[in-house]
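Look for subunit A in each of the two complexes below; its partner is subunit B in the first and subunit C in the second.
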Partner chain A sequence: MKFTIESNELQKVLIKISGVVPSKSTLPILENILFTLNENKLTLVATDMEISMSASLDVRGSENGSIAVPAKRVMDTLRALPDAQIVFNADTGNNKIKMITENGEYNLIGESSQDYPAIPEFKSSNELLIESSVIESIISKTVFSVSTDELRPAMTGLLLQFKEKEMRAVATDGHRLVRIIYTNLPQIKDQKDIIIPSKALNLISKAIESGSNTVSFSSTHIKFSFKNLTLTSRLIEESYPNYESVIPLENDKKLLADRNILLSAVKRVSLYSSNTTHQIRFSMKKDDLKIMAEDIDFGGEAKEKIACSYSAENIEIGFNAIYLIDILSHIDSQEVIFNFSSSVKAAIIKPVTMKENEDVLMLVMPMRLNV
Partner chain B sequence: MSSRIHILSPELSNKIAAGEVVQRPASVVKELIENSLDAGATRISIIVKDAGKALIQVVDNGFGMSEQDASMSFRRHATSKINKTSDLEEIRTLGFRGEALASIAAVARVELKTRSESDDLATFLRIEGDEEKEKTKSALERGTSITVRNLFYNTPARRNFLKHRQTELKNITDVVTRAAVSYPEVEWFYVSDDEILLDLKSSSVEGRVAAVFGKVVSQSLIKFEETNDLMSLSGFLARPNFARKSRAEQMVFMNRRFIFSRMINHAVFHAYEHLLEKGSFPFFVLNLTINPKKVDVNVHPSKMEIKFENDSNIYRMILSVVRKALVDNDLMPSVSFKEGDVLSSIDAKLQYDSQGWKKAMESQSGAPVFPIGSSSNHGLSKPTVTPNIIGLDEIEQSQSNPETSFPFKTTPPSGNRILDQRMPGDQSASQGSRPIWQVHDKYIISQIRNGLMIIDQHVAHERIIYERVLSSFENSLPSIQQLLFPETVEVSASDYSLVKELQGHLERLGFDIKLFGKNTVVIEGIPADVRIGSERKILQDVLDEFRNNEHAGISDVRDNLAKSFACKAAIKAGDKLNIDEMVVLIEHLFLTKMPFVCPHGRPVIVKIPLEELDKRFGRT
Partner chain C sequence: MPSKKKYIAHLDLDCFFVSVERIKDPSLIGKPVIVGGKADERGVAAAASYEARKFGIHSAMPTARAQKLCPKLIIVRGHHGEYSRISDQLFNRMCEIAPVVERASIDEMNMDFTGCEKLFNNDLPGYMKIIQKIVLDEFKLPCTIGLASNATLAKIAANQVKPAGIIFVPHGKEKEYLAPIDISVIPGIGKKTEEFLRNRGFNKVSDIQAKSERELVSILGKHGSWISRAASGQGSDVIGEESDAKSISREETFAKDISDRKTLEKIIFELTEDICRRLRSNGWTAGTVTLKLRTSDFKTITRAKSIDPTNDDTVVARIARELLKTSYTSRLPIRLIGVRLTNFDEEEQMELLLSPEKEKKQVVLKTVDQIRKKFGKDVIHIGGE
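So, the complex of A and B:
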């Protein structure tokens, strides 16, 4: 196998897919990236057996072939090189790889492409055409509240629910929840719920390119196909908790505030919260929101007053500041609405202005105040 | 009709009385030493043969006695120490009952030689079975010498009941040691079968403790002193890592009298509480000085038991004084290596010269692994552990710019100097320069001013949580993070009833739990510092641990719950921590009352002093 390529072009593509490569694996072959050359097309494949990514790029090929290349070594080399032309020459017989630049020659040992696991093929039952921007927005607004708790695998992924012409994306870790409803979509054939692992989402958001993309999925796998890149991931086959039942409907206390002002106030005040609980409290009176925090262990407290519109009865409610900061920084509206009911019930946070066909709802569980 | 009841002969009644006062050779030694001390002696020699069965001789340089007094002294209820009934209320001497010499004389052959300041010649008396067999004059320095031979020669039953020689000798040694500790100003000379066991010069209390118990113990001692209107209390406490497996080495002196009081011992043990592992006991010496009117020592002829006028006050005072003394001191064990372990510098040099590094390293048992052992417990195998009285204010932030990098916040609470300074939590500080590392995802190593400190992350966190939980039991509710999806847990019937029983306490821990009936509980909220998702497991673990602790005899529900929760909620060995987490952990650790020991008594911090490292590298 032999081809010539600009080092930065190869590097650009490798960065996108190398996130899949596991740093430690029981299968050492997975620490490689599979290079396959067919005429002037180089295809790169990386997998951790759950998620596989493949990307292709144009090169000046001179000898077809396929070899597994140690990911870290080749990435490190490319990073250290200035923009330069590389001649990549691999002997598929003894797995010796030679990378030649104008001034240097780098020899490394690869592994046989025969040993590299194949990307799983699945029979897709559904296909969607989605704009990259929509995918990006779904991911960025939800992924932060996906759980990392291995004990509840369902919640470690993003739930996609299809109903009639609508799609719901839901993420929660049991303390907060994000639900986005997209309406007016083309009808979907098989209306099954799927749960996509958060690692796949993170990888997509790094690799995505603008344009329109196909997403196809079955009950076990999902595949995102972009122009030069595909990502195939196994789905989390678990049943998602009944999130609708925990979204309160009777939250009648409404607070309206400027998102940026609120966010930066919460950030400042939270510096004075306990660094184990991160508890801050909201104290609301008519058109008056006070944010407070105190650190009993080390001493120190902070208060801030914020203009808002609030007309229900006085209430005090505690939150984990980190959750609030996460939520407020993932809303892209000038103003936000909080809906409260009591100091031990979930609070709902919504952007005031939303895009057409998009309904965003975020929810955070309070911290019971120590009174 | 002859009368069946008659008065016992003096000889017989003395023998009966002797049964109480003179139980074994050690009792004789104790009575004689106490007489010497009461006589104001500054030098006392004790000579025993065959563990006191053949000979006990006590020689002092006290007041001595006149000829008349000498004869009187062997009479029953004859004493110079008290006069009238009111004296009994306020006993300032060790003896007062007037029984000892008469009792001893009833069961042994006794010779007395004594001379008071005013007499020219000493009186010599030989007494056998209550009778004066000989009375002559002889020469002697001022003082008294009493020789007791053939103890129990006329009471074979008692003689046969004596324990093995070693045991009896140990009893005598204990008596002498106790007196020596209580009277450090007195010179002591103690010989058994021509072997000198103690030869103590007059010294301070510290000096005496060191002389009697050895340097290692004495270096680990915490000295304390406290006085209130009720009494004054002083003494020494051993750091917990010097705890012994037996209750033997606890000494309590009340007005310089060795006493045994379960109440006092309990107070001290209680103060050590979780600092000790189960089954080990602290070494301590306690001196109580108390108005003699407030105590009654006349409970038993041996006067080891006493009655206090107000037990609970004394208990509380001892508890709080001892606790304070412990808390105020740095209990961090530090590690030094055994002599033989350290490369002797000459040896090392030779090896470097002739064979190079590799050989030298190999000669050091293969690899340069530091034999750092946990400090307390089990006979101290490899490292010798010396305690160190250095506050933790010495945690250094960075080596490079000590002047500018001291933005330490000062925390006000408690008089604990350990808390005076702490790690800055400033996130913007350049992280690379902060000398904290995690090794094997298990220990945190940090540079301190004169060496390095190793913290066991699990027990450190355990200690933090434990104290937080205890304080939340007493104060307000903790922060409870409400759950979006209440966790329904099915438990066994016995766990269900346990949860029911503990529900109130669990809520104070931060668990918002509803009982659903049919062995189902619903967790609606969890402590804010419990990691997300582990709520079900933690509850179950806490219940299990609670049971275990109950079996192990922790009876206090809150304490047990706090320990169980702390153990289960704490980060584990194997959890990776980032720099900030470690900083927070260390900060919180040093805010606790007892950062050096985990609630189960294991050490949290081990310190390796720089000198130790220097020594290790032959940089001496």
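So, the complex of A and C:
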């Protein structure tokens, strides 16, 4: 197998797919990326057996073939090289690989392409044509609140619910929750729920290309097909908890504030909160919001007053500043609305202006205040 | 200011399991007894009475072999829950007596009496006799106590005067005391090292003392450095580190090195149960789990993992087992294992009631804690995953 390529071109594509490669695996072959050359088309494949990515790029090919290349070694080499032309030459008989630049020669040992696992094929029962910008928006607004608790596997992924006239994207870690309802998406045949692992979502957001893309899925797998890249992931086959039941309906205390002003105030005040709890306190009176924090262990406190619109009774409520910062950073409207009921019940946060056909709801659980 | 003279006592319950069985069944007194599995079940002796030891029987010996050595041997299956319960009670009682108490194993504990000399009329060795009597009167258990400038020496000394002995190694006399004793008493000299040293003419501790630390390292590798220090009477004089509220930990040194993963995992679970109970009693959750392993060559490995703050036994045990999997290669057996929790959080952050199981689990854990408080910690266990 032999081809010639610019080092930065190869590196650009490898960066996108190398995120799949497990750093330590019980199957050492997975620490490789499969290179396959067919005429002038080079296809690269990486998999961790749960998620597989494949990408193709144009090269000047001179000898077809296929070989598994150690991912870390080749990435490290490309990173260390200046932009240069590389002749990639692999002897598929003994798995010896030679990368030749104008001044250098780098020899590495690959593994037989025969030993590399195949990308799972699945029969897709649903297909959806969707804009990259929508995929990006869904991922960026939800993935931060996906759980990392492996004991609750369903919550370690993003729930997509397909209903008659809408699609819902839901993520929660048990402390906060995001639900977005889309009503302008193309219809699909089955009304079903799927849970996509967060690792797959993070990889897509790094690799996404602009334009229209196909998303196809079955009950076990999902596949995102972009122009030069595909990602196939196993779905999390668990039942998602009943999230609707925890979204309060009777939150009657409404606070309206400028998102940017609020976010920067929360960031500043939180610098003075306890390093372990990150607790800040919202104290609300008529048209007046005071944000406070104190660090009992190391001393220091901060408070800020913010102009807002609030007309319900006085209330104090504690929050983990990190959760609030996450939520406020992922809302793209100029103003936000908080809906509270009491200091021990979930608070709902919504953007004031939303895109047409997109309904965003975020929710955060408070922290118990000691005093 | 010169540092205070350290006074560390090592209390060792004499053939503890057998002593407990003798409380339950006094007819066993004065007879050769072992606690352990039956010969036809390939059982081994977990403990042997001194009468049995006269026949050459020792703990960890297969029961079948022990029976051959002493045909009249009585084999008792043992009540392990009971041993833990009594050990807990004794530990709590000793906490009333000594300023710092550390549990070394189910039947051994270390106590730090540093700075208390005047309180006991400058007669700490005399006070050890009182403690011995308290243990015998209140718990019906014979014990041996060694008192020295550090825990390692206190343990070596106690082992020399068992059973029912008391010994004090005065400050400055450590080396002199150890010199005439056989090298096998030094912790860390196992069968292989012992044989290796004997072949090179080391028989008494004084033979080791005659060599410099560097010479011993060149003969025994890194391990030589530990042996050199232990032979000259040095050792750990800091005990009860876990009283630091920033961490909760428990570790156990085994009588016999262990390499079986299943056994190690079981011990991890037992240690985890204990530390999680203490975590919950403070209303805390922990965000970091650390596993400590010491291999038979005295190399210490620690591995830590950050987790979503929890105080759930099964979660912590799972993480600790994962750490064992990634850090232990089975090349060498393990002599010590420990689990530590750090990075505490108060349970202030409220949760969405998304998973009724988690709520139920909290209720289960609370109930288990209450049952253990009332009836002892071995009456109930939470099933592993």
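Criterion: the second predicted complex is superposed on the first by the 371 of 371 C-alpha atoms of A that agree within 3 Å, B and C clash if a C-alpha of one lies under 4 Å from a C-alpha of the other, contacts with A are read in each partner's own complex, and residues count from 1 in each chain.
In this section, a contact is a pair of C-beta atoms (placed from the backbone, for glycine too) under 8 Å apart; a residue touches a chain by one contact, two chains touch by 3 or more.
These figures come from a predicted structure and were not determined experimentally.
> In the superposition on subunit A, see if there is space for subunit B and subunit C together, and answer fit or clash.
clash
> Considering only the touch criterion stated at the top, classify A:Lys96 as touching first (subunit B), second (subunit C), both, or neither.
Neither partner.
> With both complexes overlaid on chain A, does A:His330 touch subunit B (first), subunit C (second), both or neither?
neither
> With the two structures laid over each other on chain A, which partner does A:Gly299 touch: subunit B (first), subunit C (second), both, or neither?
First partner only.
> Once the structures are superposed on A, label A:Leu151 by its partner contacts, choosing first (subunit B), second (subunit C), both or neither.
In the superposition, A:Leu151 contacts both subunit B and subunit C.
> Contacts for A:Asn275 in the overlay, against subunit B (first) and subunit C (second): which applies, first, second, both or neither?
Touch status of A:Asn275: first partner only.
> A:Gly318 contacts which: subunit B (first), subunit C (second), both, neither?
Both partners, subunit B and subunit C.
> Look at the residues of subunit A and decide whether subunit B or subunit C touches more of them.
B
> Considering only the touch criterion stated at the top, classify A:Thr172 as touching first (subunit B), second (subunit C), both, or neither.
Both subunit B and subunit C are touched by A:Thr172.
> Would you sort A:Arg234 into first (subunit B), second (subunit C), both or neither based on which partner it touches?
In the superposition, A:Arg234 contacts neither subunit B nor subunit C.
> Subunit A residues touched by both subunit B and subunit C?
In the superposed arrangement, which is not itself an observed complex, subunit A uses residues 147-149, 151-152, 155, 172, 174-175, 177, 241, 243, 246, 276-277, 279, 318, 320, 344, 346, 363, 365-368, 370 for both subunit B and subunit C.
> Which bits of subunit A are touching subunit C when the two form their complex?
147-149, 151-152, 155, 172, 174-175, 177, 241-243, 245-246, 276-277, 279, 318, 320, 344, 346, 363, 365-368, 370
> Going by the contact rule at the top, pick out the subunit C residues touching subunit A in the complex.
The touching residues are 308, 315, 318, 343-346, 348-355, 358.
> Where on subunit A is subunit B touching in the complex?
Where subunit A meets subunit B, its residues are 147-152, 155, 172-177, 241, 243, 246, 274-279, 297-299, 318, 320, 344-346, 363, 365-371.
> Can you list the subunit B residues touching subunit A in their complex?
My answer: residues 409, 411-412, 425, 476-485, 512, 525, 528-529, 531-534, 536-537, 584, 587-588, 591.
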